[in-house]
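Before anything else, here is the set of structures, which you'll find just below.
The same chain A turns up in both complexes below, where it pairs with chain B and then with chain C.
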Partner chain A sequence: MKHFLIRLATPIILVILWQLLADAFGSPRMPRPSAVVASATKLIGSGDLITALATSLGRVFFGFMLACAIAIPLGILMGSARAVERNLDPLVESFRPVAAIAILPLVILWLGTGSMAAIVIVAYAAFFPILINTIAGVKRIDHNLMRAAYTMGVPPATRMWVVLLPAALPAILVGMRIGLGMAWTAIIAAELAVGAKAGGEGGIGQMMFIFYSYSVELNGIVVCMIAVGIVALVLDRILRAALHAAVPWSRL
Partner chain B sequence: MMASFGGALAGGSAAPRRWPAWAIYLRTMGLFCLLWYVMSWLTPNKLLLPSPIDVASAMRDRIEDGELIANATVSLTRLLISVSIASLIAIPLGLAMGTSRLFEDLLEWPVELLRPIAGIAWIPLALFMFGIGNGLPIFIMVYTAFFPLLLGTAAGVRNVDRRLIAAAKTMGVPRGTLMRHVIVPAALPSIMTSARLAVAASWTAVVAAELVGAPSGLGYAIEYYRSMLDTPSVMTFIIVIGVLGFLCDTALRSLSAALMPWALSEKKR
Partner chain C sequence: MTLQPAPKIKLAHVRKEFGGTPAAIVAVESLSLDIRPGEFLAIVGPSGCGKTTVLNMLAGLEPVTSGTMTMDGKAISGPGAERGVMFQDYALFPWKTVAGNIGFGLEHGPAGHGLSRAERDARVARVIDLVGLKGSETKYPHQLSGGMRQRVALARLVANEPEILLMDEPLAALDAQTRIILQDELLRIWGQDKPTSERRTVVYITHSIDEAVFLADRVVVLSSHPGRLKRIVDVDLARPRNDETRKSRSFSELSQTIWELIREEAYRATMQ
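And then the complex of A and B:
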């Protein structure tokens, strides 16, 4: 109980301190909790915040699905066929250190500043964690399971669905969880950078940039930041719950 | 073990190991460049997809006019400064969180509330606080590197074998010595792993921060050459970012191998 009270007290004290310091020393523009709450009520009430979040989440959803659709089959192939892994590994290792945001200028050049570019950036960001974890998951499967299925004459396609995929599922879901976190960060960065260049269309990152550059609404920026944090937390919890549901025996 | 299993799946025979790893690397990348060359040859607009040869000559130009070295130095210096600052704050705090219940209670919730807010989401507010310059990227990178380091250190300390600490206490080792000679070395593998995560995350953040709000650095250079429609140079800087990110990780990996040869059981990848 004592520990819980200390835990609860720290964030509350920090927020009160922020309010007092801003009132005492800050310029009128400086964001403070009371103004942030007012701004949040306004933004939620007008629906702007929800629309922006929905736009960003939609891009993340399609990009993430694209990444899964390519990375999971490729990872299973690379994890189970040594020759494929050895030949493709150089490409993976060469592109993996290149951050998604670094290829943004190229993607803008190819696809413009619309949703398509954002989806590609998200897919690129989520791709590598999913791929690497899928490969590792497939390689770590208990060999006896595969040998048993092989001995009992289970056909290859059934082996894949019934033995390989369930056994590799925990690792794949871990990869998806990491990938989704990276995808959400990447969409913010992409929308911010695009917002810095052109008008663009919607998205939470863009909204932040507009608050910064046109209206200098710092409280609005803080509202967006909090919204970004909450969404990140919720996405992570959803995948964690999926992991629990799919593999109750895993400790995560 | 793994090779034989993979071979069994692929159809009964293990992959022949005639080619050494570096030769396979060269073969794959050579094929990739060939494919790239053909694609660029088929693309009517050279601005969209310059050939590998154009990129190579742009890279030579950028090395000769000093742009590449200058911007890479700026970005790497920022990385070094921010990771040092983040380590100086996060590692002592992490040690405190791992050893003292009070510190854990105090820090846990603020950290869990702030951590989901990506460093990149701080850029607009940081633009207002610091303006365009060195302050913004360094702030974003310190913030990004802070959380993995803090949580990695705290987790490392919590996982130290209790018997080691109990043994040291029984032998009357004072608190400072206990920390320096027992807890820190035992937590070091976890700290180094989190340092690798922190460096990788901050390297991503530096590019984003420079792309939006800094007058120098690799991210800025990418954006500058994009606005000049000089695609070969844009690709040059993308390659440099990838290579430097890879080299930083390799350097940290060999540093951890040198610092703690006993922790080599940690998988290579």
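And then the complex of A and C:
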């Protein structure tokens, strides 16, 4: 209990400072804790915030799955076949620094506005960390493990499943954890592509955008920011626990 | 001179180079050797003399650069389940438990063909017992000491029941007492109480001269840079061998003989 209080001390002090400074120097429209709490109560009470987060999480989930479905097999291929890697590496490396938000216009042109566009942008953001970690994981596996299976007469295709994949799994899971973080970070940008929707239907990113450009509710924007942060933390904790449970042999 | 059966494995003028010409490292040069069926053959030599390289070629993991290497008259062109390998660094699967590692070849390789699940489990249990790993079945390699990992690697090799056992310094990581116990176990597993015709063929690499003399029928002494055959020493100590053997005069004389053969080079290797 005491530890818990000590850990809460910093945020509590910051919130108090924020309130005091806003009261002393801020304009009436500047967000302050009291107003943010009121706004949060309203948004939670109406169910809009929960709907928005659930909608966004759904998109992140599908985008993340799409990224895994492409990045993991591709990473295994690139990590195990030198020729494939040499061909694809320049392409990967030149796209990697292009932020997810930068592909927004293209995606909207191709897919129009809607959930699909948001899912693709999220998938793009999650794709690179998963790919890079999978390649590294496959390349770094202990060569002798493959040789051991080889000397036991295990056929090549089976070796992929029973040696290569489990040996690279810890690295793949690390990539997935980073990728999911990136996907969630990209959701706010991605949902600019969704098009304006009432209430929470557009997702948390769209909700923020509406607060910004239509209703100019700064307190609402702060509520969204805090909600995004809390969800990110929870997601990461869940994934970390899942990771430890999935690879008990690996000291990640 | 007794009549020798046809060699199980035959090496003729085997040469192994690493890297391209002209900067190639010659690891093994003009090595000719007959390995007899059912014999326990030890290979000793200073570190870096090419012992692991010879074993890898026997395993089919490395091609010979020139010369020939045949088993039952057929060229060795790649790995085969009839030749089991115990690697110097054990090569245990970190995601498999002790039992999972030992049963790996039975589960995924030809060693388990025709065996039911229950038969495989029974074999794994028997081998776990044999190497003294009872109680550790569900542990992962990273939870084991070096000595226990070595036992797992040994058990995995034995569980696959290969015709030929290729072992690279299998007991090197063990403390002296455990090593002696496992030497005795190894001879029992190999079948020193059985007639030669029922024994498996073992190629056993070690840097311990005493160990080579205690275990082997013949000791191949290699010299280094490049690895060449220096001498093959026949070990005519009676079987079954036990602690009495270790105390016997002929045991120490043989060890002494081999030591003299490699002393100079061992010193030179140490100085480098």
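Of note:
Criterion: the second predicted complex is superposed on the first by the 230 of 252 C-alpha atoms of A that agree within 3 Å, B and C clash if a C-alpha of one lies under 4 Å from a C-alpha of the other, contacts with A are read in each partner's own complex, and residues count from 1 in each chain.
Convention: a contact is a pair of C-beta atoms (placed from the backbone, for glycine too) under 8 Å apart; a residue touches a chain by one contact, two chains touch by 3 or more.
Predicted, not measured: the structure shown is a model, and the values here were computed from it.
Look at chain A after the overlay: chain B and chain C fit there side by side.
In the overlay built on the shared chain, the residue A:Thr10 is in contact with chain B alone; chain C does not reach it.
Within the superposed three-chain model, A:Thr185 lies in touch with chain B and out of touch with chain C [touch as defined at top]. Residue contacts after overlaying the shared chain place A:Pro166 against chain C, while chain B stays out of touching range.
In the superposition on chain A, A:Asp23 makes contact with neither chain B nor chain C. Of the two partner chains, both chain B and chain C are touched by A:Tyr150.
Between chain B and chain C, the partner in contact with more residues of chain A is B. The least CA distance from chain B to chain C in the superposed model is 10 Å. On chain A, the surface patch touched by chain B in one complex and by chain C in the other comprises residues 147, 150. Those residues of chain A that touch chain C in the shared complex are 142, 144-145, 147-154, 158, 162-163, 166-167, 169, 247-251. Interface residues of chain C facing chain A in the complex, by the touch rule stated above, are 59-61, 79-81, 83-85, 87, 89, 91, 93-95, 104-105, 108-111, 140-142, 160. Of all the residues in chain B, the ones that touch chain A in their complex are 1-3, 5-10, 14-15, 21, 24-25, 27-29, 32, 47-48, 101-102, 105-110, 113-114, 116-118, 120-125, 127-128, 200, 203-204, 207-208, 211-212, 218-219, 222-223, 226, 231, 234-235, 237-239, 241-243, 245-246, 249. Those residues of chain A lying in contact with chain B across their complex are 3, 6-8, 10-11, 14, 31, 79-91, 93-95, 97-106, 108-110, 139, 141, 143, 146-147, 150, 184-185, 188-189, 192-193, 196, 205, 208-209, 211-212, 216, 218, 221-222, 224-226, 228-230, 232-233, 236.
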